[in-house]
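Labels run A, B, C and D following the written order; every chain starts at residue 1.
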Amino acid sequence: MPVRVTVWNEFVHEKKNPAVAEIYPEGIHETIAQALNRAGNIAARCAWLDQPEHGLTDEVLADTDVLIWWGHTAHHRVEDRIVERVHGRVLAGMGIIVLHSGHHAKIFKKLMGTSCNLKWREADDREILWITKPNHPILAGIDDHFVLPSEEMYGEYFDVPEPLETILISNFTGGEVFRSGLTYTRGAGRIFYFRPGHETYPTFHDANVQRIIQNACHWAAPVAGGTVPVGCPNPKKGWV
Amino acid sequence: MPVRVTVWNEFVHEKKNPAVAEIYPEGIHETIAQALNRAGNIAARCAWLDQPEHGLTDEVLADTDVLIWWGHTAHHRVEDRIVERVHGRVLAGMGIIVLHSGHHAKIFKKLMGTSCNLKWREADDREILWITKPNHPILAGIDDHFVLPSEEMYGEYFDVPEPLETILISNFTGGEVFRSGLTYTRGAGRIFYFRPGHETYPTFHDANVQRIIQNACHWAAPVAGGTVPVGCPNPKKGWV
Amino acid sequence: MPVRVTVWNEFVHEKKNPAVAEIYPEGIHETIAQALNRAGNIAARCAWLDQPEHGLTDEVLADTDVLIWWGHTAHHRVEDRIVERVHGRVLAGMGIIVLHSGHHAKIFKKLMGTSCNLKWREADDREILWITKPNHPILAGIDDHFVLPSEEMYGEYFDVPEPLETILISNFTGGEVFRSGLTYTRGAGRIFYFRPGHETYPTFHDANVQRIIQNACHWAAPVAGGTVPVGCPNPKKGWV
Amino acid sequence: MPVRVTVWNEFVHEKKNPAVAEIYPEGIHETIAQALNRAGNIAARCAWLDQPEHGLTDEVLADTDVLIWWGHTAHHRVEDRIVERVHGRVLAGMGIIVLHSGHHAKIFKKLMGTSCNLKWREADDREILWITKPNHPILAGIDDHFVLPSEEMYGEYFDVPEPLETILISNFTGGEVFRSGLTYTRGAGRIFYFRPGHETYPTFHDANVQRIIQNACHWAAPVAGGTVPVGCPNPKKGWV
């Protein structure tokens, strides 16, 4: 059974900024989804902000194993009731992969419980991502490091809770560092935050970036037969 | 310098239920605050739901190193703007100790990012709390276990993120277990969740319970000279 | 490709104690291996203490994805050079599942860095194992709890490092608790400690126990294409 | 009561290499100990390899709250029985701070359970250390980053277990990154690994480095009244 992935993008920059449209003519979501569909054993489709219910209806989410999230300039336009719906689905076992500027998305801040603030700079920094967790499923096929020639800089302190696992750390030309690959769980759901992917760079065409997102879809998918937490049962008698 | 503690209680059961009032005639908050003030090196005062701004004004919070939270039946009456205010203070370094049924308080759920659901039963279970982290500052003066003769049962699965440290686990007569002492950090703030303390039992008169809350106040207090995360600085040039 | 599992047992009690031999006539290892081979997608074989090199030659280990370890009375008879060999293989990516009294095995203590001491009692306690990590791959197909009617008691404090994930906690008739399912990584290797399995009880015939060990084999197996840490390279020049 | 600190140094480079002796005329240990004694509320003394029992007799260790360890070229000359003794003391609650090339010390590898390998290069890299855990006691008085103009490079993958907390990450001129401040516990003992401090640089004269080591001594010291794990008691009857 393929992993059912929904790639969500706010899809705003691509319509307004010709430089972004040149890199991602059909939108960042399509570039990601097409790469996932080429990878095999993944069935990816797309959703975006301007669709009814942002494309994230109950039906779509019920049919989604892993949700990928890219947002940047329009976080405030995502309706709270949709955020609540996605949050409930994550706690019930849906995986979620949050990319780059999605660090400030309502859903990510709600899952983390923190501000998710960070330092940043748009200055064509060279980014080197180093592996800090060998043999992690999300890093299958990745060497001990890889390089993105130009990216936006993100720097520590990144205001997120201590992660379950820190699997990638970035070095930037400017002298900064950043925890670029972080895993968490919330309820029955698995969360992967992955740093790269500013809209003005061809990052989502990079083979290493595509491979990591593909691996993360398999890692974050709910377990067949996995236990799902229920509400607040009140057992009237004990087990003894 | 004593640690400045504010003990917050919804203070509802004590006014409505004579059985509770008999155990805590001045309210749970007063029992806790008086024990803390007797302990030395702590200056504790109280705040409660029915005060203006729930007693948690900007001035009070600016003067608070550690906030203790007890709530149960009136979580929904706590205003969202006060929750936001407390949340901001925790990220900026104020410690918070959440007691018992505070697991469903808005502030705790916001900090955890999960439902914080659990199993429960009111049936006079005997609770044994076992230490799972020797030499932890919160457990100073506590033996390898201690017993509460009667308590409400809380059972796993407790829907909270994997904690930084699990320092206490409870065994209940009915056969359940519960992670009863959990530490987290969010931003610059330290969080301690401590399970016992149902309003119909004299738990907050127990010497072990009092000692643990006292220790936790010292553990959760902000560090003198501690770094505090700031917003989103945009360094225009790198450090190299 | 099936996961290649080697089930290692000291295989001493079964030869000396008729009560144990009655439960495990071919040895604990055979009961476990046969259950794994019935499960599908696992190829399990056995090794034991009295074989040359304890059955853990370089060839056997090179052909092993996951090693399962049961030992109790003969930990001291395991040669240090074999322990070193197994340790090196774990760091290079081989998974290891340590069962019950294996908590005092040389290899487990070497991987943990602690004494691995615990409280214990042989008194036919009833053990209830509660899930504390819903949707974890090791718990696929397991309900929110399961019961073993009779087992040896293990009690906290269990002297192991704070685990990556605590996925099961046990309640015993005597009032104790124990962290019964713990995950760790060391180097590229994944480690699962699983508490039940005293030799005088039919624990390894239990369907839930068998399912958990089976799941753990898939979880602990090395990732195809996974990065493996190398020694101490000395890059003469930087990456810039 | 001041924290009782023993600063251990192999004290070899300083006697053989005039360049090192010029920076640390009395040895690295004396520079560290004198800074600690100036700080107040710490009573530091020294021990080194060539003393009887490496200066780490039972008496010295019984009188030590926190042990600081610097070694590099003579790890193999540290006797195993002394390593066992120090290990036992850490499990019983003594704190340990391992500096720089101490990553390959026998005691550190024994506590970690891994190879503790890393990448390295001696090329006068500029090191920037970034704070990743605001308000941590070890970081009191430290800004969001600090710079060491010249240091040996250490690069990831650093083969240590996932830490309890990652509090500092370094950026090197060459493009590498390294988790430079890591906390662990083993038994009742607290462990801090701190990266900087190659013998050919004046790192231990740096005010930020001195402050961090000083803070770490207070953080790692045993808790007054802290529980200490005992052996393997065998409670003949349960608590119920």
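Just so it is clear, contacts are C-beta pairs under 8 Å (C-beta built on N, C-alpha and C of every residue); 3 or more make two chains touch, one makes a residue touch a chain.
In this text the structure is predicted, and so the values were computed from the model without any measurement.
S.K.: So, comparing C-alpha centroids, which chain is the farthest one from subunit C?
M.R.: Checked the centroid distances; the maximum from subunit C is B.
S.K.: Copies subunit A and subunit B touch; is their interface built from the same residue numbers (over half shared) or different ones?
M.R.: Shared-number fraction above one half, so same.
S.K.: How big is the gap, in whole Å, between where the Cα atoms of subunit A centre and where those of subunit D centre?
M.R.: So the centre of subunit A lies 37 Å away from the centre of subunit D.
S.K.: Using mean CA coordinates as chain centres, what's the subunit A-subunit C distance in Å?
M.R.: 33
S.K.: Pull out every residue in subunit D that's touching 2 or more other chains.
M.R.: Residues 126, 128, 131, 133-134, 144, 155, 157, 162, 164-165, 171-173, 175-176, 185, 187, 227, 229-230, 239-240.
S.K.: For a test of understanding, state which residues of subunit C touch subunit A in their complex under the given definition.
M.R.: 93, 126, 128, 131, 133-137, 139-145, 147, 164-165, 171, 173, 185, 187-190, 222-230, 239-240
S.K.: Name, in rising order, each residue of subunit C that touches subunit D in their complex.
M.R.: For this pair, the touching residues of subunit C are 91, 110-115, 117-121, 123, 125, 153, 155, 157, 159, 161-162, 164, 172-176, 184-187, 227, 229-240.
S.K.: Touching residues of subunit A toward subunit D in the complex: what are they?
M.R.: Its residues touching subunit D are 126, 128, 130-134, 144, 155-158, 162, 165-166, 169-172, 175-177, 179.
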